[in-house]
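Labels run A, B, C and D following the written order; every chain starts at residue 1.
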């Protein structure tokens, strides 16, 4: 950690600070330049409150030179992590196409879509049973029943299932689910993350609406520090001033996360844009940027079939897209 | 709800949509202009999936004309809600100064600060026992012990206590806490909100980092729809591109929330700026804009006392600020 | 234009508004629903001040149903515009690779890079002569001399040149430049746009740091309404809270702009990310999303060659990327 | 400037960098810690390309420890600058209330409003003659005629006039204008700024929609470095995700700019919110935060008088607000 002192600082006060830092067990290397003095802190600085030091009136600024994330840091684990779900592998060159409806609605619906997306090349089935909704008056999902229907679809198709968990209290219901998803709104629900770190299931962790890449990695760190290293990161669009799409897909997160971390990174173009006709170009863009997989909404109910779904593709559109993505994967 | 159709829409498809809407029990009023047709939906449109309709290729746009929030909506409840905590009242002309340390650290610390802030005019004591931290390696708070220390400070000073709850599982520990705080990161932890709606305690609900005012009100709605109408809204800074302050305090949220809702609105200038020397001007600004109270970090430990705390005021700075705020309240 | 009235509006005041609207030559179609009255305005509403009407205390909201952009609107011009620069075509299936240094520095430099990027497949040469810099103390470009050096590079390679114009006063100097670029900071310098609309040169118009797609199209409209229809739109990253990259590349702007407008859309991955090693994945992503071209910074000076340029590729990196982009174009 | 090297850097490459830096005339102080080496650069680092160094693959990060703004920096000029406009003073404890219509429309209108705002306590008259409009089809202002009408209003009331200049070419028309305003969209129109620096008139410089405080100060620096030190900074709302107000007023910019710079700082609550009924609370908030003045839209035309103007106050509302602001100023 580097502490840059202000100009013309009172020496007594500077020495007070140095003593206090040494009292925390740190080595302090003082380097005096023409204009300013810089303190280099040596030792375990992970417990040092950077904001507090930065706030001292004798301090100009503080810079941490060692990252605070360890388990997910590529520096300490250079090889790609490969997450395994049954026979499916994600990361380290393995690309996973995940597809399914926004919400599980009925056995016919989920089994129908599962068969369709499997035929088109999906290797995992997604579907919401517990739904986080902005309004308490909106449909909150079929909950336990929805989970049972997902298992039926799995039995019929062999596709492992991915579905969102919103609360620790529901964890026993998810015993037989293959991949647990943490939604964007729960990315910093630290108690939930810690508890998921105690399971032995792969976790699909979505980036929050306005969270930095570092915050996403620190949330992965919560899971991993509790003992579960099977984490899949997911970029799903961030909140910006831009108003044509629901969110702004931050495609650059894919190569940047790959550089910072060894964890696999997938992209959700459906939630990122909220517009079905933008899903194929954004899925292609994410793949071209190096994503390890895609998670895409596909529907088959009559009203949706009548038209474009808000953000869901029809099975035949998904099939076309999956073929295109495969072709693109071939040249990367 | 107003549905604006695209130009030159196929009539059969338009009729299909109208029939489908009528099938949901809605009245449909068709108004054909020179360029475009507009459908006015009459009846309970709260269940209608606006995004789905907007996504139809025959639809230009959809506009909801009735708000989806009801319990917290000023239209349906024109008088200000006054939240009572013991003898303290918040809202409807009652201004509450809430103060205390970021974290509860020891009995001496919390009792010392409690006495100091009471003397300076605070009517409620804040202090973190369960701390949401970005990193799993940072101090997570004294937890149950911290709550016991807060109660000691309450016993010594008579100040009711406000402290953050992060998980439903911890609820029994908060039985004897006066006001439960929901942090910005949990603003859309819907299971937690619903459960807090089943308690009979006032809830201090902080706005999320990147949440709109409507989303904040919908989260209040989760609590209120479960039966608890004692909700205090709190603006605490939003995430923007601006990089000098930790967050950007959205002062306009105060009059805007007062217009939309009858709930009291307080402001947290400490977290909004992250810089102690900006707390007094921002506290004054929030008061001038009509806030029903302030929640301010105050410290008294030696290292902080040595200097400006990152975002905490010293007790004497808080005392000066409280006097200034009172003077300002006098002329509003 | 749709005007949604508030509930229980005083009828006299509503009639005053209707009369005022009719006085502006508009037809007004009144549609009264159970809850609310909606006015449909018919006629030329482009002169109506939407904000003023929205601000009336009897009005709930106002919605424009016809776009205010006309010249660049795909609705009124369904075929793709193809911009021609000598033999080079951009748009309508024609993909243009534009490359060159950030700044023109010397004849050797610009001619050297021009030859290198031409060999690698670039069809236009970019290079800054007039440089917009945040600080008045930073290098402002070689100006007129830089333009002369660009022309020498064009003579040596046959590549048409693209360079930024910052001020109307400089226009005579750009007489022999092939494509005039408007930088992000000048996207809403309306006097400049209008004047460029009076030239007969293709204009490369960059999206501003925090401008919506509609604002970008309205700026294109300034140029086109003045008589110049040769406009190329350029997405170059927007300003968000995300802090790992300099800006956040909004790849979804590509298909969205193609939907709204018939103008060609290119992407600048160098400025969007500010990090050379992110340029190739973002260039691939933009191409996969359907961009009509790329504008990429390439350098060859010794210090840059020693290392990664902040955002510039080395010629051999550009060559590899150009080949990869071509391969990708083949499967789209 | 502090350059933090990566861990385990090749020594030859590090020495190459050090030699290159020394070749630029800088002193280099090498400080080797346990984990990392830090270079302290001594001398005139204002010409050093920070981004280029940061991009070297042997460099972890670069930090500038001396600000790049000089003329407007409070460090080098501790006393408040007081800008004088005739007898009116702004800054250094002098508060200026500036008011007037959005656009100058007619002699009657501008003279009428000028008299009304003067009576209510305004000391400067604002009014747009050249209007920056997003759409080329919107009213662009009365231009030269508008300037003449402003001068008539000045002659009738004695109020100095403030009005926006959009282009260098118009400068001769502004010879007899008292304060030249640079709008948000032109904050980084560097040629315009430089030219205004060659005039001897006070410049009111508005913060851009998505510009940081540092960028605002660097734009002030353009004006000041050209010789004109009479700059007034103006916060007018920034672009964020928040959608109830047109922009988000960043009130914390007021104390922060006062800390960084000696220039006066005023606030425009009308453009910041776009909603007339939010102007009074935001004007009060800005004053409470320490603003040196306010610039407020006031109208008196019949349609506006019929109702709330989009963002303009009626003269009597302005009078009430001005009295309240004065009262607040009394207790600060």
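The rule we apply is simple: contacts are C-beta pairs under 8 Å (C-beta built on N, C-alpha and C of every residue); 3 or more make two chains touch, one makes a residue touch a chain.
Because the structure is predicted, anything quoted here is derived from the model rather than measured.
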Sort the other chains by how far their Cα centres are from that of chain C and give me the top one. B
Do the two copies chain A and chain B share over half of their interface residue numbers, or under half; same or different? same
Geometric centre distance via CA averages, chain D-chain A, whole Å: 39
Quick check: how many Å separate the C-alpha centres of chain A and chain B? 26
Could you grab the centroid distance between chain B and chain D? Build each centroid from C-alpha atoms only and quote it in angstrom. 31
Please list all residues of chain A that touch 2 or more other chains. 210, 239-241
Contact footprint of chain B on chain C as seen in their complex: 2, 4, 27, 29, 31, 33-36, 38, 40, 42-43, 60-61, 63, 65-66, 210, 239-241
Within the complex, chain B is touched by chain A residues 13, 16, 20, 46-47, 49, 51-52, 54-58, 68-69, 132-139, 166-169, 185-186, 188-192, 194, 209-211, 215, 218, 221-222, 225-226, 239, 274-276, 303-304, 306-311
Listed in rising order, chain C residues that touch chain A in their complex are 210, 212-214, 238, 240-245, 248-256, 259, 272-273, 277-278, 281-282, 284-290, 324, 327-328, 331
